[in-house]
Amino acid sequence: MLSNKELYIFLSTSLVFTSIYAINLEHSFIEKARNGHTNNWAVLVDTSRFWFNYRHVANVLSIYRSVKRLGIPDSQIILMIADDMACNPRNPRPATVFNNANQHINVYGDDVEVDYRGYEVTVENFVRLLTGRLPPGTPRSKQLLTDEGSNVLIYLTGHGGDGFLKFQDSEEITSQEMADALEQMWQKQRYHEVFFMIDTCQAASMYERFYSPNILSVGSSMVGEDSLSHHVDPAIGVYIIDRYTYYALEFLEDVSPESNRSMGEFLKVCPKSACISTVGVRKDLFLRDPDEVPITDFFGSVRPVKLVETVPTLEHFVNVSQIPLRVIKTESKPKKYHYVPPLPIFSKV
Amino acid sequence: MITKKSQKLLKSSHSLIIVCKVSFLLILAALLRYIIMVSKYQNIIANHVEISTPLSSWKRVLEGTFLFSKNINPYEGDLLHETPLALHFYKTVLQFVFKNVNVMFIAFDLGTSVLLYFATKKYAKKFREEHAEIEKFPKEVRDTLPNQDYENKVPLYVLMSVLFNPFSFLGCVGYSTVGIHNFFMSMFIFGMVDSNFLISSLALAICSSVSLYPVILILPLITYFVKVHKSYLQALLTLLSFITFLTLITCYNSNFGKDFSFVRNVYGCILTVPDLQPNIGLFWYFFTEMFDHFRELFIYSFQINATILYLIPLTITFRNRPFVLTVALLFLIGIFKSYPCLSDLGFVLSFLPTFMYLFSYCQQGFVISVILLMTSCLAPVLWHLWIYSASANANFYFGVTLAYAIAQIFLVTDVLFAHTKWEFYLKHGKDIKIDGEDTKLSLE
Amino acid sequence: MGLLTDPSGDQRGIIWFASLASPLFNASTYFSENALLPGLVKSTFKEDRFALQYFQELQDETQKHESSIPYSWLLAKFRQIGLDSYTHDFTLHSPLNPNDTYYGKNVYGILRAPRASSTEALVLSVPYRPPKSIYPSTLPSIAIQLAFAKFAAKEKYWAKDIIFLITDHEQLGIQAWLEAYHGVTCGNEGTLNHGTLKGRAGAIQAAINLELHSVKIGQIDIKIEGLNGQLPNLDLFNLAGKICIKEGVFHTFKGKTPKYFRDPYKEWLYSFKNMLNMVSTQATGVPNGNHGLFLRFGIQALTLEGFEQGKAGSRSGFLSIGRVIEGIFRSINNLLERFHQSFFFYILPSHDRYISIGLYMPAVCMIAAALIIKACAKWCKMQENHTEIRYIKVVIQFIVMHCIGATVMVFPELVKALNSDVSSTVSYGLPSVLVGSLLIPFLLKSVNHSEGSLNLLCIFGLLELGTALICLSMNNISLGIFCGTISVPFALIAEPTKNRIFKIVQALFWCLIHPLSILFFVVSINTFLMFHQENITEFVFRALDATKQAVIYSIADSMIYGNWLYTVVSTIFIPNWLCFWNVICSDFKRHNVNVAKKNN
């Protein structure tokens, strides 16, 4: 089972704790780290608005889809989207957001739960979310209810610069503020490990100032480089996805909840030839070797497992005779989707 | 034979000629102002930001009086930035004395010019008498000394520059209340030169209560009484009466302690600059770009720059020449205050003829006048392009404003430096040789 | 102090300006506005056969209506497509003849944005030209406009309303429509009565004016010069160019194709000619298309003029043109705010290179600086010589010149108020006033002038010219450069002299650069280019007549559209010219410095 495997990995790498890692940690931290993570959360943020930033919304929704598919439930995903692309009057495909011009996957659909929408996506709300300093009465869906056993995936996308990330075209969060927020999380024992993923221009500048332990960071470009978009969808007329996220998604499509791909492979997912910008990685704050961390540690979800001694019978719990038998459908081939226009307009000639 | 009678006749005919000249100029100025005021251009001029700032707009005064008459507190919003005393004054004067807005503004302008005429006449006479003993001074500088010609010409030139100065002309036509404030400022100058401590302190108290910045002029006023009129008693009395008048005015404004709401709108607005409407000052552009957490720091630095920063050094340097000090401080207030307008510059420019004897030492006069001319012409053009054509932007307009301020700063420094040079030459003569070589004074 | 008498500052300015044409100094055009996303979307316009059908129907309709717009047909078509259609009546009370009144009627249809809240709008306008109009026909433009309306009506991605406008009487119709849309009057009150609009959309963000002259288009010329020299945002120009390239339609600027020479001199010469072409169009302040009247309202607009003959081999049909319009509209549909990123002040030496204000303003500043330096030099010389100056007299003279200028400015209005025929009165009265003013210095011979006061008048004139040039250049660079190049060299050498020959030479030069004579020259050149086969007398008469017409038109322009060329010339340049004329032609007594020493 998953947890056993994890336990095994931790025990095997516990020996590595006393090795050549640069950071000297307190004994209590090491203890906690040894215990492994018990649940998974994801904070997925798109910070930019306006129609020409369609690709950022597509980025974040695609990651949302992957993360959900790999098992993290909506109650443990905080999705922040700064603008409504699906219902933008300029969208020639209303109520949809696509991330690939060829495959026509609508990443918006009707089971997307956006927790922070529109003008609620601000620097203040983001920092309060991370640090947990939200006013009383905030709905549960807007709170990050992590504890010391939570592995948190933080994904940011938008427009960035050297040392800052632009929120909503009017304010910025600096890398120092980001680092301080994560440190507050560590002090309040709100995470076990963090995987920080950022797809903006000069992304590496955002994680340079981190100083809290157990953070593995990856950025789509180094300082001084721009992250580029991948392709245009000529039917919609905008850039539809960014390069780094495109290749990350390609990788994640092959990952299933039982997969044994490692984080190390994920970190190498976009070489310079594909991404044009250099992907930056920061591993020094992370205690484990990324090559030995399964990808599902961050992208999937730990399922709480209870070991029982006896095999229970169904009649204990349910009146079996009343349950109609259902035929389980075999999984069919993945269907290729194509766009179907809505009903024709009869009033115009 | 020149008898006493013919001498007297000559004198009286001479003064008659002057009276004729003065009244002719006054009538001409009044007529010109009236013609423009009743034409269609008045509206355009009155709405220009260079003339009507939030502090000096006549429209706001009208709105405020209307609200007062309906027993609504006009200081509740961000509308009115005049003190209740000023408001009541305008209303009463308009209603009972002049009955017509045009006549009121023209009258105040003419009053300013007449007051300044008499003030500068007295000052010129005194100044000439101070330098009457020509033999005391080195030979080569004797032709720069103020002479009878100076004494005759200065008041007339000052009168002409107040009346026909395009800046104060436009301010008067545009119904800028700064014109009325200038009247009280000229009363202050008159009282100061006339050694009348009551008038000068009353006028200064009125000016300070309306516009806050003239408070710093108390220092030159005291210095004037001490150095020129040579009476410490009068200086002390000036200070005391100034404080008394200020307190009285504040009492009246606050309705005897009941209602201090005007403080936020008048002094709060002047000091904290909440209204960032563009004008020809330097504040608005900086503060539109500034982050909120730096705002307070910069407010402090800008306001200190406008008031205290130059006060003490200049007072120390020009302690023997308080009139020059006053004019210099008026210039600096006009440049660095939070909401300047054209009338401010117009008023101080009219003092320039009193420095006639310095013109040969002023090196930058031409450049300064060219820059002032160009910026005054370019500013409305760029405003039109920015606001109406949407082609230019704030940077263009601010650039012109900056050039305008720089020209004024050059003017002040030039005049002050020329004065220092003049005094130095008077004391030590022009042809000083150090080690046998010709010397030249320079500004470090 | 050699700098002070150096007139080459002016030449430096002109050389700087001319050299800007070289590709070494100017920059390639680029897009500043991120939101535009030009040319990214695939065009889906397929309604070209509808366009052909509309074109044929239109041709039939216009045969029936010889001199007016086929309103009923157009309204019916708009309604059939599904647009809100309206007509707009306006009246013009002729500024030249108070008894003349002209009536006009525009027709327009509004396509409402399907999912947005109608706060913004775009305009596609076509000027209607009846068959007997002297201008080339624009019927294909109306056809493609209707076809595009049909296409746009069924699409649901419009974030702004689209107004399809067909105007009457060329620029008059569009001016009346815009005035009615915004509720303002731009010219004189009572001249153009703009009526009311029954239907309206939101704030107009951008407008495209179409003037296609045939069904198959060989090349599209993009025209940008607007009223009073205002230009649209460079992003819009680049957008039109890029979309034309994408759809394979050959586009030009000023009818010139991009030519690439190996020789840098030839390249420079070619660009320079283009630049001069643009400068000459912009300097008059008269827009060369209906788009020019949109610009003063903050609406960026340009005209696409399509010609049958093109320099490319192939021709584009309705399909490509329709796709060009679609591409442009989809791009400006993406806009979130008005165009504000790119340049509004620029000169184009070719369709893909630009000269920004930062590059050409120093040229103008140098020219103006030459004047100011000269004034400064004169002032310093005057101070050194201690000549006698009668300030009051000079100021009064200056004011009198300006009063003459002000009289010239209000002359047409005065004549109109007296209810007489403006055109004939103006054409005889104005030149006589101006010629009369030439005699002023000779009339004032009795008044004693001194060299000092004449020099002071010269200084005033120089300062006024410098200030006027800079202010003018901010608004309309071409006019500024044009006036600067002509007047500054002569202003720099204007001096009060006693030397008769020099005086006569100066006087001759100054007569040559009087605004009326410059106008005559320019008009003569134009006339010569158009009618070069005539003999001399006919040519001269035609040129004189054309000059008179030009003056009348500029007066009419200023009264209807608010074109300020006439106002500026009459209030600034004519008085300025008179000042210099006075300086040159006046006699003066040279005082001996020793004699004139005052007693103190």
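We call the chains A, B and C, going by the order they appear; numbering starts again at 1 in every chain.
In the analysis below, a residue touches a chain if its C-beta (ideal position, glycine included) is under 8 Å from a C-beta of that chain, and two chains touch if they have at least 3 such contacts.
What you see is a predicted model; the values in this text were computed from it and never measured.
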| item | value |
| --- | --- |
| Chain whose averaged C-alpha position falls nearest the assembly-wide average | C |
| Centroid comparison with chain A (C-alpha atoms), farthest chain | B |
| Whole-Å gap separating chain A and chain C, where each centre is the average of the chain's CA atoms | 57 |
| Distance between chain centroids, defined by C-alpha means - chain A, chain B (Å) | 66 |
| Gap in Å, rounded to a whole number, between the CA centres of chain C and chain B | 43 |
| Residue ranges of chain B touching chain C (in the complex, touch as defined) | 143, 147-149, 366-367, 370, 373-374, 377-378, 381-382, 385, 388-393, 396 |
| Of all residues in chain A, those that touch chain C in their complex | 50-52, 87-92, 94, 232, 234-239, 345, 347-349 |
| Residues of chain C touching chain A in the complex | 34-35, 37, 40-42, 80-82, 113-116, 150, 153-159, 330, 333-334, 336 |
| Chain B partner contacts - residues on chain C that touch it in the complex | 230, 295-296, 298, 338, 340, 344-345, 372, 375-376, 379-380, 463, 466-468, 470-471, 474-475, 598, 600 |
